[in-house]
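Scrolling down, you'll hit the structures one after another.
Two complexes are shown next, each including chain A; its partner changes from chain B in the first to chain C in the second.
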Partner chain A sequence: MRRPAAAGMLLAGALSIVPGCERPGAAPGAAGPAARTGEESPQRMSPGSGAVDAVTEPVLSPPGAGRIVSNGGGWIVVFTPDPDPIPLNTPFSLAVQVSRSGEDAGDEGISLQVDARMPEHRHGMVVRPAIERLGPGVFRVDGMLLHMPGYWELTFDIASGTRVERAQIALVID
Partner chain B sequence: MPAAAPASICALTVAVVFALPPLLLHAAAQQTVGAPRDAPAAGAPPTAPGSSFRPGGYERTLDGFVEPLGVAIDRTGTILVAEAGAARVARAARDGRRLEALTGPLREPVAVTLLDDDRIAVLDRARRRVEVFRPDGTHAYGFGGRGESAGRFIAPVAIAASGDRIAVADAGARRVSIFTAAGEPLLTIERAGDAALGRPAGCAYMPDGTLLVADGSASRILRFDTAGRFTGAFGAYGPFDGLLDDPAGLAWHGVLLVADMRNHRIALFDDDGGTLGSFGVHALVPREGEGRFHYPESIAVAPDGSFAVIGESFEDRLQVIRALLPGETPPEAPWEPGLIPRQTHFGQYASADGPLLAITEPEAHSVWLFHSARRIPIGIAQFGERGSGAGLYVDPMSLALCTDSRDLFVVDAAQRRLERLTFDFDATAPIGFSTRRLRLVEARSFDQLEGAGVHEPLILRDGGAGSLYALDPRRGRLLRIDRASGATRVLGGEAPPFVRATDFAVDVSGVLADAEAHMLVVDGAARSVLRIGADGQPLGVFAGAEHLGDPFGVSIGADGLVHVTDRAAGRVLVFDADGTWRGSFGSRGEDPGQLWKPAGIVRDGDGRVHVIDHGNHRMQIFSPDGTWLVIYGTGRAYTPESPPPVRRPETRGPLP
Partner chain C sequence: MRARPRHRFRRLGLPLLLVLTGAAFVGARLAAPPRDAGAPPRDPGAPPGTSGDVRAGIGAAALEAPPLTGEEIRRILSLGPLPDVPPPDPTNRVADDPRAATLGHRLFFERALSQTGTVSCAFCHDPSMAFTDGVAVAAGIGGLDRHTPTVQNVAWHRWFFWDGRADTLWGQALDPLEDPLEHGFDRISVLRVVRDDPVLRGNYEEVFGPLPDLDRPGIPRAARPKRPKPAGDHRDPRVIAWDAMAADDRREISAAYANIGKALAAYQRRLRSGESPFDRFARALRDGDAAGLSALSPAARRGLALFIGDAGCRNCHSGVLLSDSEFHSTGVPPLGGGPLRDPGRFRGVERLRAGEFTASGPFSDDPDGPRAALSRGVVHDPSLWGAFRTPSLRGVAGTAPYMHEGQFETLREVLRHYNTLEGAVLPSHHQETVLRPLHLTDDRLEDLIAFLESLTGEPPPAAWREAPDPE
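Entry: the complex of A and B
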């Protein structure tokens, strides 16, 4: 399994896909499909200031590297799977970098939990991944396994103090 | 409509369903009377009736109790029942005859136990005290009181005694306190190894002084030695034998009997934690019994081992289970027809805002979002599974819906967490269900709110202006939480104005006659609804015990009507904005418009009244004046034009 020599090199080439679905400033109740932009602005700027009004969600296809904004807008998560794209029913790893929105440097004080779930089936993975902290905001996740084909949600729970904020991205595994 | 029960189920020989391993069943049949009271060896079946209780069959139902939360049996075979809703400890003979009750200084007795000298110790939830009665029923003394210091209680729920010791499980303080029989604090148990106690829900002593504690939120049984040291645990969450789902009452009689509440059965374990099977099956139709259980939460075994009593406060009844007789062949586990109807086990709290309504479903460890602007509400989203991480729930308890900002706040009482979800919703789009509609934004531990002294659980309401109101019922305090930052402020003074608050409503429309009143809080123990100012200060009684029997939920409508649910009477009381009683609707039962232990109540965007018909596992909608309109859940709905099929408990016979 590939292991990067340095944290700074970890995410090289991982920034080309931006599947965030932010619509800052949208009026509550407004209709329309979710936008798919390259902006780093948060999906929801602040409580009550905007909302996503479509169930249709961008799906990362093929299920490869991605860069997403957390659901609360506070964090940017960049991840690269190994192998890439993510295979069906085969263990894979993730290289993950987490930084505060608007900042390049990783945060020293955060921790990370990574999971994947199939909401339609109401279950997750059959394994528990191992997460290693390589540096400020830089993590390696081993032992991921998407054992079923279909719609998955990959979640990154970023803990800072006693607050946890989630970033997530949808994947379809064939 | 349940199918007709097979002949084997309707047989006159009534026995409780149980599923002991065949080897154990055989061994149990070889029991003889009068054997020593030793516990069985680990993994081996007990061999003597009287020393090790084995279920022999359903005997009878004792009903008509009011919130029977605790049971005990004295050495004469008299059954003692802690009736929280009747402020007494009822006494009954095994054949159902009622004997003179214990009253004395009791307000909400929730548990009862016998001391070695036959004195009776009663735990009072409302007064946070233990009251000790002499065997003749006269009150002797009491101890405890509200507080967190040694010897005081926050939310005591269970009691056990052995020798000179009395143990009290306190779900609010998340600890077990040990006292001398005279009430002197001896020690406090707050941890089980490296972990803090979750929600102690039951306790029992073994003959050697080992204390067994049911941790409801962890679905485990914990063991402690006489010095309070943790010596092990067994059990885990799940539906199969040996696994538990929210265990509550415990009893030891040669084997450990566990009221496995959400598995709707009694689980048996040996003294080493090995499973010995279980008995009882889920009552699929509310009110169904005769060996079928519905949230059994307390249990006691007669000292001579001849029978056991299982308490089901959900059904306001007890079931007597006789012991297996010497030489009797244990009944075979009967075949239960697959009659599982579509039931939605909603929780006790809902939140409505505009065209949407949100409600918890604790047994599915999830929350639901309904589109309520149609005549029949339609489920449009479900979120959550059981688990310990963010976005996973053990006991999702209450929520607050803020439709404009697309926020849904959820409290998981077991994990002591406040979560903010967001959701997609387009009022003009076709209505459809999606598991992708709700997503987690953030989760905050109650520890972050600890500066405000927050205990689980919390009851939430939208406070407007970017804030939430939260009611901490165990400490009797109101909090204001900033939605964005989580900053928490305690409202009101230090003295709790509530004895046992169950629900509250915020006057967002400003319709209450008392302009200073901003909230109404239901105090279940005081049988009153209180007016509370925006600063949390109590302003007096809005409605009192002259109208309220067992109040639980409250809503304030934009039309100035205040609706309050009454659990014991199965009805909804209606008040004007100044507290004048206008009348009531509903009655206790299962038919459309009838209610069984109604809990939360909310008004939708059209002013309709949604009542959580908790004991019937459904929601019902009424007009503000009480005309029944709709029954709904997930996947079913009934109206006056399309009523539900008549379903009566007697359509199925006793077991087996």
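Entry: the complex of A and C
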């Protein structure tokens, strides 16, 4: 069973982020006062392996920005929301930089798709974002809208030739 | 069709409800011992501007309601108080022009703007009934199949109509005028009424300049474009006349007709409800006024905690309108029983995309702005079938009956539906799965009722509720 990673996140303000799409714990008993103190750590995917490791330090700073590794380990995605933190039911944009894992430079030949879903509700966003490529590996994503509070999964699909890798991150919007 | 979702609810209902409403918060609440009046708040966190004294005062002021956590305070302040003015609407250049509001006020009450001469906007949006009509489905001139929503605070909405087929308030205002079942009128006839009434004409020309010359060759006495319903609308003489007009003439007429909508919108933007007990409570919470927290009774306080917590109401009823202005399948059985028949938002998106008076359309004053961009990106998929816009809960105690067909006569019936989901009719497996039976006790349901009743404040200013002077 998944760990109750979301318990600590719920206290963190309008937006909390857990890399690796770890869902909120379903067992209410695991989400008591102890979890609220932050003793439960968020989790993240290990680059390249897909395995889950616990981390003890805050992962992201500022809280709205994120740096995640694609599931196949080939890409690093850094994104910054605007406004930050992501507001509930208000359109926002993302500045996204995609680079090859281990290299600073972006990549010329990639394309990006961005989406968000609420798996517990079985629905996605009510709008499709507009994605503009600003340069090698640099994108601006407009028209994002997370219309309901709760657990969301934000996905970045990076296509290079015929190969597509997904990087994803879990968000709790409140 | 009904058995499957109910089975799923029984099996997964409580755990998933807890996830939806914040497992950590629920766990803490269930574990908390009974508190006395002077108990400190559980959570030391509080949003900026909220003093510790106030949070302590909350406990002292409400013996029968638990103190608030910092998270609860933040959620409450996201619901109110209602700002003094609605968000700007750059798609309507006269949205905040008082002269346009004056014209819109007259137009709103003008019965001549209908085929029968009997139906004004105020006919269904009756100011004496919180701008609704008190019946399940609207009358119009031909009988409609949906309930009349209030237009109080309407300017805070993102989408308009139950199916969101309009993305601007001014575009919304134009649709009923030409709907064969509502006003049954047409745009050229609307402009003739304005032209032939000296007061209306004067108001119009003061704001928008001269009306088109309606007597010149090529302009029929009555004409409008074909509408999606009824099926034989293309044979309506007014549609035939419209199709025979030159493109430039059609555009000039439609631009003047769009102005009528913009004036009606300017008026409706002023229909802001007065401060409710909940607004006073939220204002006191925001401003650190411990005494003002008594604006809510202990029962309403407990109902508020449920609303933003365990009951999950805020999943859809969020923001200062207590509506996300988006679309959801509520499982409410159709009036008269049987399967769902109204496609709701699914058809609404199709009509939005085909719409003439939209944020991105030729008559918008900001066709490339953010509002237009949002509409261009709107998703159309099967999950929208049978979904309807979340109604605002502001003033809800005065706007019975409820739901898109007025299926429920009282708030208790509404809450009974969400509490049990018995008899719920959901469209298919494609839909979102937000709803879970709440299984709240009667006492807790009464607390929720008390909170919902606290959302009704003073009506909009009398000057805007009363019919305008003829002069």
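Keep in mind that, in the parts below, the second predicted complex is superposed on the first by the 111 of 174 C-alpha atoms of A that agree within 3 Å, B and C clash if a C-alpha of one lies under 4 Å from a C-alpha of the other, contacts with A are read in each partner's own complex, and residues count from 1 in each chain.
As a convention for this text, a contact is a pair of C-beta atoms (placed from the backbone, for glycine too) under 8 Å apart; a residue touches a chain by one contact, two chains touch by 3 or more.
Everything numeric in this text was worked out from a predicted model, so none of it was measured.
Undergrad: Where does A:129 make contact in the superposed view: on chain B (first), on chain C (second), on both, or on neither?
TA: second
Undergrad: Could you look at A:72 and tell me whether it touches chain B, chain C, both or neither (first, second, both, neither)?
TA: first
Undergrad: Which partner chains sit in contact with A:120 here, chain B, chain C, both or neither? Use first/second/both/neither.
TA: A:120 sits against chain B and chain C alike.
Undergrad: Based on the superposed arrangement, let me know which partner A:148 touches: chain B (first), chain C (second), both, or neither?
TA: second
Undergrad: Answer with first, second, both or neither: which of chain B and chain C does A:91 touch in the superposed model?
TA: Touch status of A:91: second partner only.
Undergrad: In the overlaid three-chain picture, which partner chain does A:174 touch, first (chain B) or second (chain C), both, or neither?
TA: second
Undergrad: Just which bits of chain A does chain B share with chain C as contact spots?
TA: 28-32, 120, 122-124
Undergrad: Across the complex, what residues on chain B touch chain A?
TA: It comes out as residues 383, 385, 387, 389-391, 402-407, 420, 422, 424-429, 432, 434-437, 439-445, 447-448, 466, 483-484, 486.
Undergrad: Flag every residue of chain C that touches chain A in the complex, lowest number first.
TA: Contact set of chain C toward chain A: 15-16, 18-20, 22-28, 30-31, 45, 71, 74-75, 78, 314-316, 318-319, 324-327, 370, 373-374, 376-379, 383, 431-434.
Undergrad: Can you list the residues on chain A that touch chain B in the complex?
TA: For chain A paired with chain B, touching residues are 28-32, 44, 46-49, 51-55, 57, 71-72, 113, 115, 117, 119-120, 122-124, 153, 155, 157, 161-166, 168, 170.
Undergrad: Per the contact definition, I'd like the list of chain A residues that touch chain C in the complex.
TA: For chain A paired with chain C, touching residues are 4, 6-8, 10-11, 13-14, 24-33, 35-36, 88-89, 91, 118, 120-130, 142-143, 145, 147-151, 174.
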